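Paired with chain B in one complex and with chain C in the other, chain A is shared by the two complexes that follow.
Now for the complex of A and B:
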C-alpha cells in the first residue's frame, strides 16, 4: 500500500491545481515544494489570463491576491527613438475580467494554501532529489535516502524539469525550446501608476513590445501594472543569445528601461525585486510524452506555454493541465489502475481542451515569432512610413504604396521577400 | 532519557528588512519569515545531544499563529514536539516578559533537564531571553557556547569570551545559549517533515497558562523606547581618511619598526 494516492512535485499553478482537484475528489495527496512558504520562488511575467481556476475555486477572483484587472492591452514596436503601439481598450475586458496582473510570490502561496484547505498534505522547503522507479514504473519520490511512495507522481516541476530529465521521461532542454525572461519589479505609488497609465484604483494595463533596436537578438519586452509596482522585463530566445554570445540580458533590460517611451513611465520608481526565469517557447515540438506508468507531466514541465506575438500565456495552461491531470488520476484510482494506458486519459482530455488544440493550431508559429525581420526591418519600416506620412518637411507628399517601396529599398528588403513574409505570418497566425 | 527544550523565535529574514527613514520602524513587508539563525544552531546542539545520550526534544516559541511553520521546520530536522505559545495578551513583549512567559511554559510542562537557546535574535540582538529564562526558573546557565558535552549528570561547555574561549562545568537543570555557526545544522528531510505536519504542533494560550496579564506582553514590559535614530551604513559610507591620518599611521608604523 503506497503512502499516498498521488505525490505532486512543485507548488506552482499546475501542481497546486492538480493537488486541489485530487483532494476535492477524496484522494490522499502530498504536494511538495522547494520553497517555504510553498511557491514563493516561482516567477512569471505577471498576467494571468482566463478563468480556468473557477473549475476548482469558483470564488478565486474575490479571494486570490490579485493586483489589477486588465482594462487595456498594448502591443507595440520600439525603435531607437520611436514607438508604434496599438492600444486596445475595451469595456468588454472590464465587464468580463479577462485577465489580472499577479505577483507570483503572493499568488502561489495562496494557491498552495487552498490545496492544504482542500485536504492535501503540503510540505514546503524540501527539494525532491529523484523519482523512485520499480520495474520501469514510477512509484514515488526519493529524498535524503528515504522513499515516499504513491500510485501516481504528478510532475509539476516547472520549466527546468530536472527529475523528468534524470528519469529519462524527457530529453534535456535544447536552446530552441526556451527563452530567458529577465524581470524587475519597480515600486511606484498607486497614485503615480494610475496617473501615468490612465487607470482607476483597480484597473491595470498590460503592454508587450518588440524591441526593434537590438538587431538580431529577437527581443520581446513587457510592462504590466500592479497595485503599487510595475512588472517590467525582457524575453530573449536562448538560441539567439547563444549565437550572439556578447550581449547580456541585464544590458538588454536596461536598454528597455531607458527607451524614451518607457523611461517616463517608471521615472522615480525603485527596483524592489529582480528575477530571471526560462519560458517554454518550443510549442508542440517540445512537449514530451505526457504520461506513463505511474506519472503525469503538467504545466511548464510539459512545455505548455504559448506565444504568437500578440498573446503570451502560460499560467492558464498550467491550471487547466493540472486540473485535467488531477481528474485523470482520480479516474485511474476509480479503476484501481495507474498504468500508462489507464493514465492516457489525461492526454485525451488535453486534446479535447484548448491546451493541445492551441499548440497544434500554432505549431509553426515559431517561424513567425522567430522571423528576424519582425525584430529588425519591420519596426524600422513602420517608423519610416509614419515619419513620411506625419512629418511635414516641406516636401511633396507620396502615396503609401510609394512610401512602402522606398522604405523597403532603404532597408534592403525586396518586395517579394516582404510579400512572402506577410503571407507566412498571415498563414501561421 | 534527557528532557530537552529549545526556545526559538521566528524573525524576518535580515536580508530583506530595511529601516523606514521617516517612521524609523522596521520595514518587514518584503521579508519572509525564517527561524532566527542561531536558533538553528541551538536546535542542532539539542539534536546532537539526543543522538549521543537519547532524549526527547520539545521546541517552543512565543509568537503569532504563523510561527507554526518555524516549529514544523525544526520538527522536520528531528525535534520531537513543537509548542506555540500564543495569545493576544503576550503581544508586544520586551525581553523581560518574554523570558518570564517562556520560563512559565517550561515550568508548566514540568521543567527540562536542559534548555537550549540561540545566543540572540537577529531582529533585536539583546541576548537577554536565554539568561532571563534561567533566572526565572532558577536553572544554571552558560551563554555564548559553541561546544557541549554531557557526562555524569553535568554539562561541560566551551564558551566564547573576548579574545579566548573558556571551558566550564555546569549542573542540571541548565539553560545553554548557543552561538551562531557553533555547528552545522542538519537539513530537514521530506520523511520527517511529513511526520511533523501529520503530528502537528501544540498550541498553549494564556487560558491554559493563567499568567497575570499585568506581567506579560506590552503591559509587563519595562522598556520604554524614547527615540530611534538611523545611522548610515559604515560599509556603504566609509569615511575617507585624510592625508593627516595617513601620515600618523605611517609614522607609527615607522616608529614600531614595521616599515622602514
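Now for the complex of A and C:
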C-alpha cells in the first residue's frame, strides 16, 4: 500500500491546481515544494488569466492576493529613439476582471494554502532528490535517503525539470526550446503608478514590447503594474543569445529600462528584487511524453506556454494542465489502475482543451517569432513611416507608397522578403 | 536607476548553503571550451572569465537553469539546492 494516492512535486500553479483537484475528489495527496514558504522560488512576468483557476477556486478574485486587474493591454515597438504603442483599453476587461497582475511569492503560498484547506498534505522545504522507480514504473520520490511512495507522481517541477531529465522522462532542454526571462521589481508609490499609467486604485496595465533597438537578439520586453511596484523584464531567446555571443542577459534589461519611452515610467523608483526564469518557447515540438506508468507531467515542466512575440502566457496553461492531470489521476484511482494506458486519459483531456489545441494551432509560430526582421526591420520601418507622416520638416510630402518603398530600400528589404514575412504572419500567427 | 548587476543581486534574498554547491563545473572541460557562452547567458553573473579562465560561484544563483542549457560541453552539472536553501523571492 503506497503512502499516498498522489505526490505532487512543485507548488507552482500547475502543482497546486493538481493537488486541489485531487484533494477535492477525495484522493490522499502530498504536495511538496523545495522552498519554504511554498512557491517562493517561483517567478513569472506576472499577468494571470484566471478562467481555469475559477474552476477550482470560484472565489479567487476576492480571496487571492492579487495586485491590479488588467484594464488595458499595450503592444509596443521600440527603436533606439522611438516607440509605437497600441493601447487597447476596453470596458469588457473591467466588467469581466479575469486578468490580474500577481506577485508569485504572495500568490503561490496562498494557492498552496488552498491545497492544504482542500485536504492535501503540504510540506514545503523538501527537495526531492530523485524519483523512485520499480520495474520501470515511477512509484514515489526519494528525499534524504527516504522513499515516499504513491500510486502516481505529478511532476510540476517547472521549466528546469531536473527530476524528469534525470529519470529519462524528457530530454535535456535545447536552445530552441527556451528563452531567458530576466525581471526586476521596481518600487513606486501607488499614487505615481496611478498617475503615470492613468489607473484607478484597483486597475492596472500590462504592456509587451518588441525591442527593435537590439540588433537580431529578438528581445521581447514587458512592463506590468502592481499595487506599489512595477514588474519589468526582458525575454531573450537562447538561440539568438548564443548566435550573438557578446551580450550579457543582465545588461539587456537595463537597456530596456533606459529606453526614452520606458525610463520616465519608472523614474524615481527603486529596485526591490532581481530575478530570472526560463520560459518555454518550443511549442508543441518541445512537449515530452506527458504520462507513463505512475507519472504525469504538467505546466512548464511539460513545456506548456504560448508565445507569439506579442503575447506571452503560461500560468493559465499551468492551471488547466494541473486540473486535467488531477482529474486523470482521480479517474485512474476509480479504476484502481495507474498504468500508462490508464493515465493516458490526461493526454486526451489536454487534446480536448485549449492547452494542446493552442500548441497545435500555433505549431509553426517560431517561423514568425524567430524571424529577426520582426525585431529589427519592421519596428524601424514603422518608425520611418510615422516620422514621414507625422513630422513636419519643411520638405515636400510623400505618398505612403513612396514612403514605403524608400524605407524598404533604406532597410535593404525587397518586396518579396516583406511579402513572404507577412504571408508567414498571416498563416501562422 | 541603472544598477550594476552585483548591486541588483544584492536586492534579492538568499539562504546560501555554505556546505553544498548545487551546480558544479568541470574545470578541465571549461578550459577547452571554445565559447564560454555561460558568461553571457547567466543572468546572475555566476560565470566570469578571469585572465581567460572560467571562474564560477553558485552563491548568487537564482536557480533559473539557464546555464544547464547554455553549456553544450557537458561541464555544468545542475542539481536542486538542499531543502529551503538558495534564492527566496520576496515578490517573484
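Some points to look at:
Criterion: the second predicted complex is superposed on the first by the 428 of 429 C-alpha atoms of A that agree within 3 Å, B and C clash if a C-alpha of one lies under 4 Å from a C-alpha of the other, contacts with A are read in each partner's own complex, and residues count from 1 in each chain.
To be clear about the criterion, a contact is a pair of C-beta atoms (placed from the backbone, for glycine too) under 8 Å apart; a residue touches a chain by one contact, two chains touch by 3 or more.
Treat the numbers as computed from the prediction; the structure is a model and nothing was measured.
For the composite obtained by superposing both complexes on chain A, the positions of chain B and chain C are free of clash and fit together. Within the superposed three-chain model, A:221 lies out of touch with both chain B and chain C [touch as defined at top]. Once chain A of one complex is fitted onto chain A of the other, the partner contacts of A:40 extend to both chain B and chain C.
Of the two partner chains, chain B is the only one touched by A:146; chain C is not. When the shared chain is aligned, chain B and chain C each come close enough to touch A:272.
Of the two partner chains, chain C is the only one that A:246 touches; chain B does not reach it. Judged by the number of chain A residues each one touches, C leads among chain B and chain C. When both complexes are overlaid on chain A, the residue A:403 reaches neither chain B nor chain C.
In the superposition on chain A, A:70 contacts neither chain B nor chain C.
Contact with both chain B and chain C is seen for A:126 once the two complexes are overlaid on the shared chain.
Looking at the shared chain after the overlay, A:30 reaches chain B, while chain C stays out of its contact range. Angle at the C-alpha centre of chain A formed with the centres of chain B and chain C, after superposition on chain A: 50°, rounded to the nearest 10.
In this overlay, which is a superposition and not a single complex, chain B and chain C have their closest Cα atoms 6 Å apart.
Chain A residues in contact with chain B (one complex) as well as with chain C (other complex) are 36, 40, 124-126, 128, 272.
Interface residues of chain B, counted against chain A in their complex, comprise 30, 32, 69, 73, 76, 187-191, 193-194, 197-198. Taken together, the chain A residues at the contact with chain C in this complex read 34-36, 39-44, 103-108, 124-129, 159-160, 162, 172-175, 177-178, 180-182, 184-185, 229, 231, 238, 241-242, 244-251, 254, 257-258, 263, 266-267, 269, 271-278. Only residues 1-3, 5, 8-9, 11-13, 35, 37, 39-45, 62-66, 68-70, 78-84, 86-92 of chain C touch chain A when the two sit together in their complex.
Contacts from chain A toward chain B in the complex involve residues 30, 32, 36-37, 40, 121-126, 128, 141, 143-144, 146, 148, 272.
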